[in-house]
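By written order: A, B, C and D. Residues from 1 in each chain.
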Amino acid sequence: MRIFGVGAIKGLIVTLKYLLRPTFTTQYPEEKLNTSPRFRGNNFVWYEERCTGCSTCAKACPLGIIRIVTHPEPHQQVGSDYQIDVFDIDTGRCMFCALCVEACPYDALHMGGDFERADYVREDLVITTDQLREGAKKPQTQFRPQLEEIGYQGDEELDEHEAGRWSL
Amino acid sequence: MTLELTKEDIVPLLVDQFKDVIDLDADQNLYINAENLHEVCLFFRDDPQFQMDMLRYLDCVDYIDHFELRYALLSLKKNQSAIFKVRLWGRDSLEIPSVVDVWEGANLQEREIYDLMGVEFTNHPNMKRVFLWEGFPGHPLRKDFL
Amino acid sequence: MWAKWIAKMQTRLFNIAVLILLTPVFLLVYIIKEPIVYYGSLNILSGINFFIGLFILVNFLLVVTTMLTFVERRLVARMQNRIGPNRVGPFGILQGFADLIKLITKEDLVPTLANRTVFSLAPILIMAPVLLMFAVIPILPGFTIADLDIGIFYVVAITSLGSLGVFAAGWASNSKYSLYGAVRGVAQLVSYEVPLVLSICTIVLLAGSLNLNQITGAQEIPFILVQPLAFVIVLFSVAAELNRTPFDLNEADSEIVAGFHTEYSGTKFALIYGTEYLAAFGWSVVIAILFLGRLEPGVGGFLILMAKTSIILFLFFWFRGTWPRVRIDQILAIAWKIMFPLATINIIVTGGAILLVQSLFNLKSGTPLGLQPLAIIAIINIVLFVVLLLVLPLIKGLGRFDDELKARGLEIKGGN
Amino acid sequence: MNESEKNSDGTESVLLNLGPQHPSTHGVFRLRTLLDGEEVIDVEPIFGYLHRGSSKLAEERSYTQVITLTDRLDYLAGMSNNLAYITALEKLTEISPPERARYLRVIMVELMRIASHLMGIGFLINDLGAWITPLMHMFREREKILDLFEMVCGARITFSYMRLGGVSHDLPIGFEKSINEFLDDFENKIKEYENLLLGNEIILSRMVGVAPLTGERAINCSVTGPNLRASGVDWDLRKKDPYEIYDQIDFEVPLGEKGDNWDRLVVRIEEMKQSVRIIRQCMYGLPQGPYRTDTDFFVRPPEGEAYGMVEAPKGELGFYLVSDGTIAPYRMGIRSPSFINLTVLRELCVGWKLADIIVNFGTLDINVGEVDR
């Protein structure tokens, strides 16, 4: 037989149990959760040495936020790279779908694992070419299974030879 | 698996009752004249061979010179589905009878099509815009809306 | 012109008005209760010291209120796997004060179409009765501001005035949400006053007095053991009166946003919000005094009282952390169809039991009951409590969910 | 509806706007209610505040890029939206994914179903007035599911995981251990939820017998998903029209009886249990092999049309794609279950109390992102 109020008391016991247990949440600025190696952060890692300026990433982008300006060298050889003048990514409009990373045939563009890029002005969210050149080269393994195979965890600096499927 | 009734399955059953409603010219899909839509829908719902008790999905496509409404029907009892289409020629003052009294599930879907495509459903109980506000210029899903 | 100026100044001078209006309230207590009874060795409450005492009391209460908001948030947060506020001060204990400062420095908004006078007075009307309630609450044996002979009656009477403020707030806001909250609040309060008073009556029967000091003195056995049913009824009636879960209908946030205080902001909101916790504290002290045994003298006694109070407060916080809210028709049904009959049964049984022990032990009516008579009444009442718990689900209508679910082949899950 | 209309006893009705900014409308959603005291006379849902024109946007994007738009329809169930779109696209292009990809898809979609139902129940109980305790308990489990998703595809809400002819990523190393840990833990957690919620007299009194919906009405109003099954109609696309590998999996379809709020709650809890079962079977039978076929990024399907649908957490989610042979769809129609389920909202609410509107709305489990599209 069911006693009136037992169901409600069962609920009380559940909450009492949790009162005595450690919490699940963490204190964000002090403690950060570990992100997975595939985590799509809101920055990008770009290896200028690997990039040919083919603009495949810009074509793949659903929003068209990647801006690439290139020019050929004065005496351009067939098959050699373009010179890249501008490579901007407007992360203010980016939705971090990683289609550009998937599309890149030369493994030059990677997702980064940073998630603390909040800013006061929308224009500051644009990652400029210089920022891409000088930024930390910690690519995530999103669409880069070759990095996972070597056990890379997304937290080390990789140079342009290690980051790609083949060395230059 | 849900049995998808093709045109070949449906037409012989329909022709007996509705000789002139079916637009037999089109090759791939079953087209129905807009004037007889209501009776055909009732037939689909009540006929023991169809028993289409649910209007699964109602959509509209803008083909510049005509609009095409696609009625996807579903019979939960017999686990079969059927599709028929209605063509509306022209771009202005498009009207088609509502099927809300046959399947009430059409209520919001017809309002959506009215809102975004500009096809007006007559006899609909509440023919108002659903997403956009009254007085919004144009119908966004039309191909000429930029 | 003149009225317009008043209306304009009202909001600006609101903080001063609170102080000015609250002072006569305490003066009133001082005048009504003349002479004030001074007890024992702690004869500090005389003349100007009376006001110093009041100052200490009111400030103590305000600090308690601010702390309670923090304590509730921390406790409920832990029930929800969260940490809760922990940034302001050590462990976040200053969170309440930070909130208070934030609220006081905020703009004091009054809706354009609100009735400004009533709108501004309502928070005071809500707060004043709760502060007045503390006048009769004994902290130590015989240590009260006003040792009224009708103490518990005074508590019940004065706290129900709070609903006037709730209704004033809801009506003056000129908001539909507020009006709904206000109407709900009044309906709820009127319903729950009845079982509350009936249950307290049993305590009065046992103690033979309305005086809170004498009620505590009569507790040879804590009255929670003598009157378990009355304790449960009082606990839930008080929850309804305090608008706490599961009866927080007049500020049901998921239905009517914030109920009667939807339109309040700044200091006025701080008053209303603080009153909620102040009233919870006050009623918890009253319940602790009524049910949880005697008062002990000295600082230790005060701490014991606070510990008892904390237990009751924790119950309220715990309910809030666990249970959802009932519907308006259900809350009234619970009051009139369950609690009122139960309270009536309880008072009849207790009255009978008292007559029985009086004839058994040859006690004159009016003399305090001793330990043994109380024990006998306790046994009778505990048996009654258990029997009622078992019988209640059999009553048609109360156990209807079980029947309905069984008919559908669904058992209520959640065993083990 | 008219505010000044007099009721039978001569009193006037109250017109109350619940929303667009309201604590329990789960987004920007407005319920225009006409009340006689606490009793509901009329309810009219007004929405569109979150209308983003996904269909129109899709007409200017390539088929692969549209996947990112589908994430944002029902933002609590991105994987299901991905799968529904990909199902339609695969019907259109007649590309079929490898076996491993099918298993991966089912695992992800069922995890997503658990996450979505957790949110649905959590917010429902929150609307009932339980401060936020059940909600936080459900958020905790959902967080673990999102961690799993982050392991697999790098995102927590907007996955873009499915691809034409497969999925974008294979499982990472250590995923199997993590998911097994989660599933073992989650079964205990469901028991805990039942302890916390299902026995509680207050929840029972608020939900049992409130706002019943008969099976015939539900079908006629095109209600799908758990709401339809709560009304006792045995209709689940996973059983009746199996897609992916559901025909090889052993699971049950929980059914309600009366279609009241209680049934809608219980059906969701039972579905979570079945999802756990499905995931376990998929993880056990997960074949080795490729996880995606090689397809063009800018795929050009043949001219034609296709309607692909899946049983999403909220109901039958379908995508209707019309192709004109170019890289972008000519028309993308979305059959969103939340939107169509709203048809019955008025019927459920009228005659009940103001507090019940919120609960009925909660049990319908509407996602405004999907309603407005």
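The rule we apply is simple: contacts are C-beta pairs under 8 Å (C-beta built on N, C-alpha and C of every residue); 3 or more make two chains touch, one makes a residue touch a chain.
Source: prediction; values computed, not measured.
*Asks:* Suppose chain centres are the mean of their C-alpha atoms. Which chain sits farthest from subunit A?
*Replies:* Farthest from subunit A by mean C-alpha position: C.
*Asks:* Among all chains, which one's averaged Cα position is nearest the averaged Cα position of every protein chain shown?
*Replies:* D
*Asks:* Can you compute the centre-to-centre distance for subunit A and subunit B, using the mean CA position of each chain? Integer Å is fine.
*Replies:* The answer is 45 Å.
*Asks:* What whole-number Å value describes the gap between the mean CA coordinates of subunit A and subunit C?
*Replies:* Computed from C-alpha means, the inter-chain centre distance equals 54 Å.
*Asks:* Quick one: subunit B and subunit D, Cα centre-to-centre, how many Å?
*Replies:* 25
*Asks:* Of all the residues in subunit C, which ones touch at least 2 other chains?
*Replies:* 79-82, 321-323, 412, 414
*Asks:* Which subunit D residues touch at least two other chains?
*Replies:* Within subunit D, residues 133, 137, 140, 195-202, 204 contact more than one other chain.
*Asks:* For each chain, which other chains does it touch, given as pairs?
*Replies:* Taking the chains two at a time, the touching pairs are A-C, A-D, B-D, C-D.
*Asks:* In their shared complex, at which residues does subunit B touch subunit D?
*Replies:* Checking each residue of subunit B against subunit D gives 1-2, 53-57, 59-62, 70, 72, 76, 79, 103-109, 112, 116, 129-133, 140-141, 145.
*Asks:* Which bits of subunit D are touching subunit C when the two form their complex?
*Replies:* Residues in contact with subunit C: 14, 16, 22-24, 38, 125-133, 136-137, 140, 191, 194-206, 208-209, 257-258, 262, 266, 353-356, 358.
*Asks:* Would you mind writing out the residues of subunit C in touch with subunit A in their complex?
*Replies:* It comes out as residues 75, 77-83, 86, 318-319, 321-323, 389-390, 392-393, 398-399, 402, 412, 414.
*Asks:* Could you list, by residue number, the parts of subunit D that touch subunit A in their complex?
*Replies:* Interface residues on the subunit D side: 61, 64-65, 67-69, 71, 133, 137, 140, 143, 147, 150-155, 158, 160, 168-170, 172-173, 192, 195-202, 204, 297.
*Asks:* List the residues on subunit A that touch subunit D in their complex, please.
*Replies:* Those in contact with subunit D are residues 4-8, 10-11, 13-15, 18, 24, 35-40, 60, 62, 95-99, 102-103, 111, 140, 142-143, 145, 148.
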